[in-house]
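Two complexes follow with chain A in common, the first pairing it with chain B and the second with chain C.
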Partner chain A sequence: MSNKFAKFRNWLAGDYDPLKNVLDTDETVSDSREEIKKENRKIISEVDAEGSTRRLEKAEQRGFDLVYRVIAIVSCLLLIGVLLFTVALLPRYGVENPESTTVVKRYVESGLQETGAINIVAGIILDYRAFDTLGESHVLFTALICVTILLRADSKNLRTKYEDFYTIKQVKYHDLNKDKIINRVGMILVPCIFVFGIYVLLNGQNGPGGGFSGGSVMGAGLIIGTAAFGYEKMDRFISTKTAMWITFISLAFYSFAKGYVFFTGANGLDNHIPKGIPGAILSGGLILPLDIAVGMVVACTMYGFYNLFRRGRT
Partner chain B sequence: MTNSFITNFPLFTIVLSLFSGPLCYMLKRRMARYWTIGLECGLIAMVSAVLWYTMTTGSSFTYVMGEFPAPWGNEIRAGVLEALIALVFLLVMLSSVIGGSKYIDIDIDESKINLYYTLINLMTAALMAMVWTNDIFTGYVFLEILTLTSCGILIVREIGRTTLAAVRYMIMNLLGSGLFLLGVVLLYDVTGNLLMVPMQEEIAKLITNSQNMMAITMGLGILTIGLCIKSGLFPFHYWMPDTYGWATPTSGAVLSSLVSKCYIFLLFKIYYRVIGIEVFEQLPIRNILLVLGLMGMVAGSVSAMRANNINRMVAFSSAAQIGYIYMGIGIGGKVGYTAAMFHVMAHAVTKSTLFLTTPRLSDVSGGSLLFRNLQGSGIRDRAAGVYFSVASLSMIGIPIFAGFSSKLLFAEAAVDSGSMTKMVLVMIALALSSMLNAIYFIRTMIRIYQPDTTGIRVSAKRVSYQIPMIILTVMNLALGLFSWYFAGMIEQGLSMFG
Partner chain C sequence: MALTDVVKIILLVLLVVCAIAVNFTKTLLQAVIVFMSYSSVMCIIWVLMESPDLAITEAAVGAGISGVLFLLTLRRIRSEDDRREEERRASGKSDKDEPDGGKFESR
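Up next is the complex of A and B:
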């Protein structure tokens, strides 16, 4: 208390300046400006001296650009021409190339009893060729990691420097949730989108749909929810940490479930996974759980992308 | 089909490293690092067991992924050659991760280090899958993972240059992936199969009836161009210096010594197991690869000589070494392929050593990579200087190091090829390229061993740096001294391939 009072007394006496080290005075700024101007003049004179050589370099650059463009266009046209020519020479599909049908025939004819899925595509991607789809779902995850590295704010990508700038922008563009119309429409639409997404997800083995499509519908629902209700409310529903855990558990389940099936299949063991009655929701063996896992990964990835592009936060 | 438990190991290597990706996403950075190193050690043990198993039984094995056999389900396959390449890849990966860990901590923001290890694990999975695969489309899927992870480990340093390099690298790589996919589609359309063995049967049938030759040639051509762009063969090598030169050292080592080699191995596998090597040897693609390889050997070395920065020099010399490998494939014959595969391993070991030593040399020279500042850096940091010199001598092709053995094998293959023009061309290019290599590597060695007056002396006491570098140097010497043994293994592997 006495300390503050002493400061006040000093200020009255004119010994203490509260604005010192807080605001830059005009003098220093003008000084540095003079210096910058001097530096600039020096650079300009240097550039003038090198002007002739620079012009030559520029002309060279322009020539190179021209040649580069011409070569690029010619080689693209050539490639297009050759590819079209090749396609014209291909055998007519399904009529002249009987070799193609040996594999496809089994997929179409005995896909149902071998995989238990009415949707043959689901049977192929999640049972016959499940290894490829295992890789494919990790491609999505890899993309998520790369986008996170690029966009998540940290000490290195200097986003913090412009934080004020971004918050100003945010007030202007991201306060959609204050808008009554968007809020109400979101309230009606988001549950419907989720129900539809879950329907598509769960019926992957019986009809069109499955993990990738159902997951993207649910991801779209999450994004609309964020736009309508705001980030804070959505974060309470599904936080960053939760999304990370969901992604991790889904991918780990996928890897181990498929690893188990590969292991038993290759060693000639019974994998004890019931196929179920075709057409029921609980059918198709592992297809349904795998679809759910893929759907969760897709939904969380889309939501994560949206949040990263929004603020640089996961 | 045997019932040995070892036959399951290739599957485990893929699934375990795929699982470790998401796991490291959840772990803290220190744990992620320990997990990654532990996993790599485990994978090395497994792959060694597979190598031992295939060598003792003397036959390769296929492993059905799931309940459905060959033409319907996926399949992986392991032979001596695959196991050997996988083992070298894993050893180099482990050494790069440990040897560059100091720079991982410096170059990458603290909150993103676990993401880096995530990418490294996913990359390991992709490398393993591409080495073991017996299915051309599985190759494509994991090639995508490899492309994305390569871009990821580049941009993670977050300086302007790496971002720019990553954009350029991604454009080139996506072009390559697209062309590869088109090639696969064309081949699938005429054969109706995606697995390598049935595909080869169909292609053999089509060729004896000379049906659809255009589609096969075109598909193979596009696929070759795609993979050549991705691995950086001569006219497509200009993305290399920026990509390798500015990434964090581990990334540079992994990208130059493993990723580009993996594409070459996939291409080689497709030639051998999809097209059939007898068919391939009648196609003109081989001669084009030979010519481009020869031009790359010279052009890469010339660019390396003109570089003023040590990392750019090492990166451009990669272009030359990729040229060597394609030249080996172009020469053809069993000796030629053996030489190419041997050089894949020799270059993987040597180049990673170089990329892991240059940052230490630059550390004792005020953080500069320019040659004029590197004066005497080999005296200031003795350990790094010695490792750099060993790798440089191997690059030039001095006996007892790996580079000499591969050059000897290439020369042997050229003599064996039976064509006079080919032999003369290859011999001249080998001599010229070796001379150019010698010029710029010896120049660098003289530069780093010039008397030093600064008085700075750094002794690398960190075990985490010494152990991986010793592993790489020992591998280099082993490949050089016992080249006949490794060449024998590759030949055994090739005989299982066809």
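Up next is the complex of A and C:
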């Protein structure tokens, strides 16, 4: 007991650090950072020597600045004008017009019979307006492709040599999973986040939530998992190739299923997919599978974004 | 006035304050944090406006994922800042000669 008290007094005086050798220290990391800086200084000077020959002359620079400002102001004013014009064309708020009477009435009154979903929003976005949601998913996929083109780091991509030396060369610098606090908190948080995400995903037709919400929650879970457990473990859980395949298969399934329904049984015609009992998880016909497909696309895309931003590959 | 109305007005004022405060931050890291707090306030407002599905998405995407992506981008920018610092040291200037007072580098 007296020993502990002496330790405590030492700690108060600042001589004893209980976290020493328990938590990671930054010493090794900072050393290697200096080395990397030295290495990269060479590459930077080479790149700068190349760039200095291409610099604009002063007069050219001034002309460019003028043109740039004029174009910026003109395009801003044009955009403001176009947006204000569009707002002026919108129907007035609260006034009766076909958009706010017949369409909404149809959705609210016969949405449950026609789609089988208690959550009318899910019925609208995944049944009546399902092609909109399909476009949204494709926008996400296209964004992932663009980010891949811009940020992917491989042997041919020279940009990474001097710009990304924190991300590419020094993996140890980011090894958050060696930090015990982050690791333990991740162990507690990640399963809860995944259960919540799956709950939101599966109950899209019965309550608030659905594909995009559940998918983004699961994507956040994947990101926290990568930060807490490291790449190796997460690659074993869901490898990068698997994520891309899941995205592709989900999008293909969505397109084919929705195309089939639209060509065979849209707008009140009979289709062969049972609606189920409203309120059960297996209800709403195609809404549940489409929800799952959208959720998978969103989760895998978020995970891909994070991986590309952090280590330069999906 | 009901209590929820008061809460709503406070949150909306906070939203405007957050939106303006982003412009007056000294470093980019502060701007990202203010942006994330804006998303958190917006998440509560969605709940008060009875659209919990949007609130879930706002909390996950606005306050979570986009903030993380911004932070990762900041780290890439930071390496560029290091390069500028090296140049400044080589030319013998101190941090105070810079218009931003060297605050960009002092993260």
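Just so it is clear, the second predicted complex is superposed on the first by the 192 of 314 C-alpha atoms of A that agree within 3 Å, B and C clash if a C-alpha of one lies under 4 Å from a C-alpha of the other, contacts with A are read in each partner's own complex, and residues count from 1 in each chain.
Methods note: contacts are C-beta pairs under 8 Å (C-beta built on N, C-alpha and C of every residue); 3 or more make two chains touch, one makes a residue touch a chain.
Since the structure is predicted, the reported quantities are computational estimates derived from the model, not experimental observations.
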* To do: Figure out whether A:L89 sits in contact with chain B (first) or chain C (second), or with both, or with neither.
  => first
Practice prompt. Applying the touch criterion given at the start, work out whether A:V103 contacts chain B, chain C, both or neither, answering first, second, both or neither.
Written response: first
*When the two structures are overlaid on chain A, which partner does A:P191 contact: first (chain B), second (chain C), both, or neither?*
neither
Exercise for the section: With the two complexes superposed on chain A, say which partner A:G81 touches: chain B (first), chain C (second), both, or neither. Expected result: neither
If you stack the two complexes on chain A, which partner ends up touching A:R310: first (chain B), second (chain C), both, or neither?
second
Of chain B and chain C, the partner touching more residues of chain A is B
Exercise for the section: Using the touch definition from the top, say if A:D132 reaches chain B (first), chain C (second), both or neither. Expected result: first
(request) Applying the touch criterion given at the start, work out whether A:G63 contacts chain B, chain C, both or neither, answering first, second, both or neither. (result) neither
Interface with chain A, chain B side, in the complex: residues 3, 7-8, 11-12, 15, 18-19, 21-23, 25-26, 63-68, 71-74, 109-112, 115, 118-119, 122, 125-126, 129, 135, 137-138, 141-142, 144-145, 148-149, 151-152, 155-156, 158, 182, 186, 189-193, 198, 202, 205-206, 211-212, 214-215, 218, 222
Counting only contacts in the complex, chain C reaches chain A at residues 51-53, 56-57, 60-61, 64-65, 68-69, 72-73, 75-76, 78-80, 82-83, 86
In the complex, chain A touches chain B at residues 82-83, 85-86, 89-91, 93, 97, 99-104, 106-107, 114, 127-132, 134-136, 138-139, 141-143, 145-146, 148-150, 152, 154-157, 244-245, 247-248, 251-252, 255-256, 258-259, 261-263, 265-267, 271
Per the touch rule, the chain A residues reaching chain C in their complex are 37, 41, 44, 121, 162-167, 200, 208-210, 212-214, 216-217, 219-220, 223, 302, 305-306, 309-310
